[in-house]
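These notes are about the structure you will find just below.
Chain IDs A, B, C and D follow the sequence of writing; residue 1 opens each chain.
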Amino acid sequence: AGAFVKLSGGLAQGGEKFSEKAFEPMRFLGAELREYGERSEFEKGVVRYISPNLRTRHSGANFTPLDKLDGVITPSSLHFERHHGGVPTIDPAEHRLVIHGMVERPLIFTLADLKRLPSVTRTLFIECAGNGQNGYRNPPDMTLTATRSRGLVSNSSWTGVPLAILLKEAGVKEGARWLIPEGADAAAYTRSLPLEKAMEDVLVAYAQNGEALRPEQGYPLRLVVPGWEGSIMVKWLRRIQVTDMPVMAKDETSEYTDTMADGKVHAFTWIMEPQSIITYPSGLQQIQRGFHEIRGLAWSGHGRIVRVEISLDGGATWRRASLEPSPDPLSVVRFKLGWVWDGKETIIMSRAWDEKGNTQPTQEEFFARWARNNRYHYNAIQAWRIGADGKVVNGDKTLSASLAPRRLGAVGMGGCGGES
Amino acid sequence: AGAFVKLSGGLAQGGEKFSEKAFEPMRFLGAELREYGERSEFEKGVVRYISPNLRTRHSGANFTPLDKLDGVITPSSLHFERHHGGVPTIDPAEHRLVIHGMVERPLIFTLADLKRLPSVTRTLFIECAGNGQNGYRNPPDMTLTATRSRGLVSNSSWTGVPLAILLKEAGVKEGARWLIPEGADAAAYTRSLPLEKAMEDVLVAYAQNGEALRPEQGYPLRLVVPGWEGSIMVKWLRRIQVTDMPVMAKDETSEYTDTMADGKVHAFTWIMEPQSIITYPSGLQQIQRGFHEIRGLAWSGHGRIVRVEISLDGGATWRRASLEPSPDPLSVVRFKLGWVWDGKETIIMSRAWDEKGNTQPTQEEFFARWARNNRYHYNAIQAWRIGADGKVVNGDKTLSASLAPRRLGAVGMGGCGGES
Amino acid sequence: LAGVLAQPGGRYQIGTPLTEQEVQRWNIRPSILPDGRGLPPGQGTVDEGERVYNAQCLGCHGANGQGGVFNRLVGEPFPVTKDVDSVDFVIGNYWQYPTTLFDYIRRAMPLQAPGTLSDNEVYALVAYLLYQNGVIDGSEPMNAQTLPKVQMPARAILELDPTTQKRFPWLRLP
Amino acid sequence: LAGVLAQPGGRYQIGTPLTEQEVQRWNIRPSILPDGRGLPPGQGTVDEGERVYNAQCLGCHGANGQGGVFNRLVGEPFPVTKDVDSVDFVIGNYWQYPTTLFDYIRRAMPLQAPGTLSDNEVYALVAYLLYQNGVIDGSEPMNAQTLPKVQMPARAILELDPTTQKRFPWLRLP
């Protein structure tokens, strides 16, 4: 952080249009066929961001490097991580999923069992409820990047068996309303999930982007709960208890509850509100005059993104970006707008609208509802300021002291924003 | 090969429904947050197939392990490879793309230049023209797997700049009809591509599944030519010459031409015909009685797959499989059909239909048109035979000696089927 | 989904039934519901809790739960306002259900050796932490009867998210 | 694509113009078109070709191009029929354009050191391989004038793929 990344640089050093080095690869045989590929050595700098402030890497989060990626699929090696007791090493031959509680017949499933059953593949975002937490800093963090602003989101193609099928196999009893899924990690992580949602569209996923789930994503089994906060999508899934009451687990009471401006605390804020983030040009990048395609990502747990607007004048006027076709209503979508930068200081922003008519608040609107010490579900519009020198920095306004905090949330020692 | 893979096995060894080992991961802290993830150690056997018969791994192909993957995205580490002089190591800061020949102004582009321009992301299959070559063996190869039958196909989300934009920047001159793209590999691989196709939908891609192209896929730049044979999608792209004539390169004359039953040789067989392959249950897998979801992959270079049919009786009757929603007309699509296996010997097959009404031929129909020594564009229906013991093997028929070869194509020492 | 081809009984007949005893063996860290269901036999006092805390928890959570390398567990004031830093959200001012404490400590603490505390030790730790937070007076031992009856101050400010309420009109917080 | 925002001249003004000389410097392995465009000055004979072949190619392609570790380059019969194994598709019976030989050998061979042959050596190798395949009598040296005029027997059986013809009605094979 701190160094500006020259993204739109032109030619080779020294004014030459190309160098003799460009011919080198043509002179020798390259690498042989391999069983399993790796990325180029020149891409080794594209990594998940891990805050230097973390007290432990056994419970915390890291960020998908949104400002260094293209398209909408998150490479599995770069999917953001969040866990509470480290990533367990699970032998899939020993792993089981048990469904018990208010059911006709408790059942135990092997992985092979689950893979025989009807499967579904969907492209879905997973977003940490703590995403955006760096937006709570006031005055704004001038070293903010798109990654640290909104990188607690990733987007993958998930394959699994509908949880509804497993529940029907076990036979849910009259009066059941809730599921308590449990992980096979050290923290035996649990949450509460309404049976109703499970019967609609929840997946017990075993594959991610075509291959087995990654360890950090719950290998060999996890819940995928389309559109809801990531923390409910229990990983390393080993047990689902069917009940008539939610468990009110630590991570749905003492964490993952929202503090509101009216002094109340909100529980079960499950559906993720619309978000958008401009990834190019974005914080700590460096651009040059002339044409650029402004690009970013948008998503909403309420449904399909139907419109993304971009302002090139600090929010005074807005124009419509074009959207790439989206594989699924609950997938991240890529937005784009062609633009010629004239070399003058410019504030750019984006805001997303979903099919239900929801959009993103300004910072002021957000803090009018949420308390300034809240840690979750921050989705206010992010601004970037392009200086006359082409350097891009956080363009958020400094809020009045009474409205927003000087140091809170992720920036302090609690929460899951990944920086503490 | 030779060993049968028990995919639908039930419980732990010794009749126990679960073992104490299942609790192990819960007793200790797991792995820490990491900058770059890796797959589980238990998945290390999921690799690209490299034939033991290859004379060199510097020019050849390997196969995507279709029978071990789910969904439709091919993990980039498992995308099939095909190259003629090894995989070059290219420094993206030194790499350039030059457009020259019949243009108003020859132009040189850095990677940074290309990334400023309008971008497009599409999910597209890439299939080697040699895919299916193992189908030329007669009698059929009883060790065939879905991977070795059709694994020279992969499916990725590609991001890049439309080639049309670059050509317009350079200004194509009157009379130009062709492009000759060249790679920066040892073989300086070239092909001919009609300008007309380039103006429609060809991409100069720099990203694959969200991140930079993989080295085997052309890092840092490759052509993606939607729906056409993979060999035309020049990798490590360094130069595009605009001409009025095709170059008739080695790999569009002495290779990648089809020998026909009438004695002729066909050039420029670019559009990939419909294909489908059942991946579960498939060759060398082992199943048990009861319910299974039959699953497979289908694609066509002519356009969207609109129907896949499955036969459970060796081709006598066909029923319609369900199709997962497809992100793009030229993406691979996943098909599925629920089925209860009664323990009797069964021959299963699939055939795909595209939106233009094209479908797959039987072996006999294919060899009535193509010569038995042809090496490319084999898309005949693949059958699997499930024995009464649940073992799955190649279910293709033995053809009469006059129709099909005993040993040809990929099985010999030429061609790109990846086995020679 | 597989309509015509499904097995007798309309089910897929996949998955193996477990006996209630096998379910118990699998369920090594049972969930505790807010009404106390799931709480095991046994009990513990504040004093016992203090001893276990000092031996097993103090290293991470500090003397008297005041915070150390990791989260503080004890603190004031109640109610939390928007000026209370979230690092000061603790059991006394923020936890809304007493059962959560038992459930969480038994399943997840101590961090590096979860699942090693006895039920009596967990009851004692719960008693100690509630006492330290000024929630209970410590006169009664914690057990399956007393624990669910504890009133957590922060329950008063907990509400259901309105968007969730609209989506699930039947939903009431315990 | 970016409509209203495009730069003056309707272009994006991205990419740097090259001089014709810079294009030449970049174009280290120029393409040879079927009509001979792109062929360099220089020439080579069958005898010269034999010497280069034995020194640089024989190890992989065998004595007289009969095949070794890698592809055979020389062989009969013509025309290829469906009974000819594809490993016997060679220059004499399967290659359709003489210019392809020059283009390919110069750009890609020898496998481990491509780009190291002189133009004269490439002409000589082309002469040698065409002679070995019985395509030429070897009386003339190979050069930019003679090479494009060589008639390859396999050109007679080459046709455009009918699907491609339908898609691009203007397309004719050279």
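Operating definition for what follows: a contact is a pair of C-beta atoms (placed from the backbone, for glycine too) under 8 Å apart; a residue touches a chain by one contact, two chains touch by 3 or more.
Owing to the predicted nature of the structure, the values given are computational and were not obtained by experimental measurement.
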Furthest chain, CA centroid comparison against chain B: C
Geometric centre distance via CA averages, chain C-chain A, whole Å: 27
Chain centre separation in whole Å, for chain D relative to chain C (CA means): 75
Geometric centre distance via CA averages, chain C-chain B, whole Å: 51
Residues of chain D touching at least two other chains: 1-2, 12, 14, 16, 18, 22, 26, 29, 111, 114-115
Touching two or more other chains - residue numbers and ranges from chain A: 10-11, 17-18, 26-29, 56, 58, 85, 96, 108, 113, 116-118, 186, 188, 290-291, 293, 338
Every chain pair meeting the contact rule: A-B, A-C, A-D, B-C, B-D
In the complex with chain B, residue positions of chain A that touch it: 6-12, 17-19, 21-22, 24-43, 46-48, 50, 54, 56-58, 60-62, 69-79, 81, 83, 85-96, 108, 110, 112-113, 115-121, 123, 157-159, 184-186, 188, 206-207, 209-212, 214-216, 219-220, 236, 238, 280, 290-293, 295, 324-325, 327-328, 334, 336, 338
In the complex, chain A residues that touch chain D: 10-11, 17-18, 23, 26-29, 290-291, 293, 337-340
Chain C to chain B touching residues, read off their complex: 1-3, 5-7, 12-14, 16, 18, 22, 26, 28-29, 111-115
Chain C residues within the chain A interface of the complex: 1-2, 11-20, 22-23, 26-27, 29, 31-35, 37, 69-71, 79-87, 89, 91, 94-97, 99-100, 103-104, 107-108, 111, 114-115, 154, 157-164, 167-168, 170-171, 173-174
Residues of chain B defined as touching chain D within the complex: 55-56, 58-59, 84-85, 96, 98-100, 105-109, 113, 116-118, 162, 165-166, 168-170, 177, 180, 182, 186-190, 194, 196, 238-239, 241, 243, 245-250, 253-254, 257-259, 261, 263-271, 371-375, 407-409, 412-415
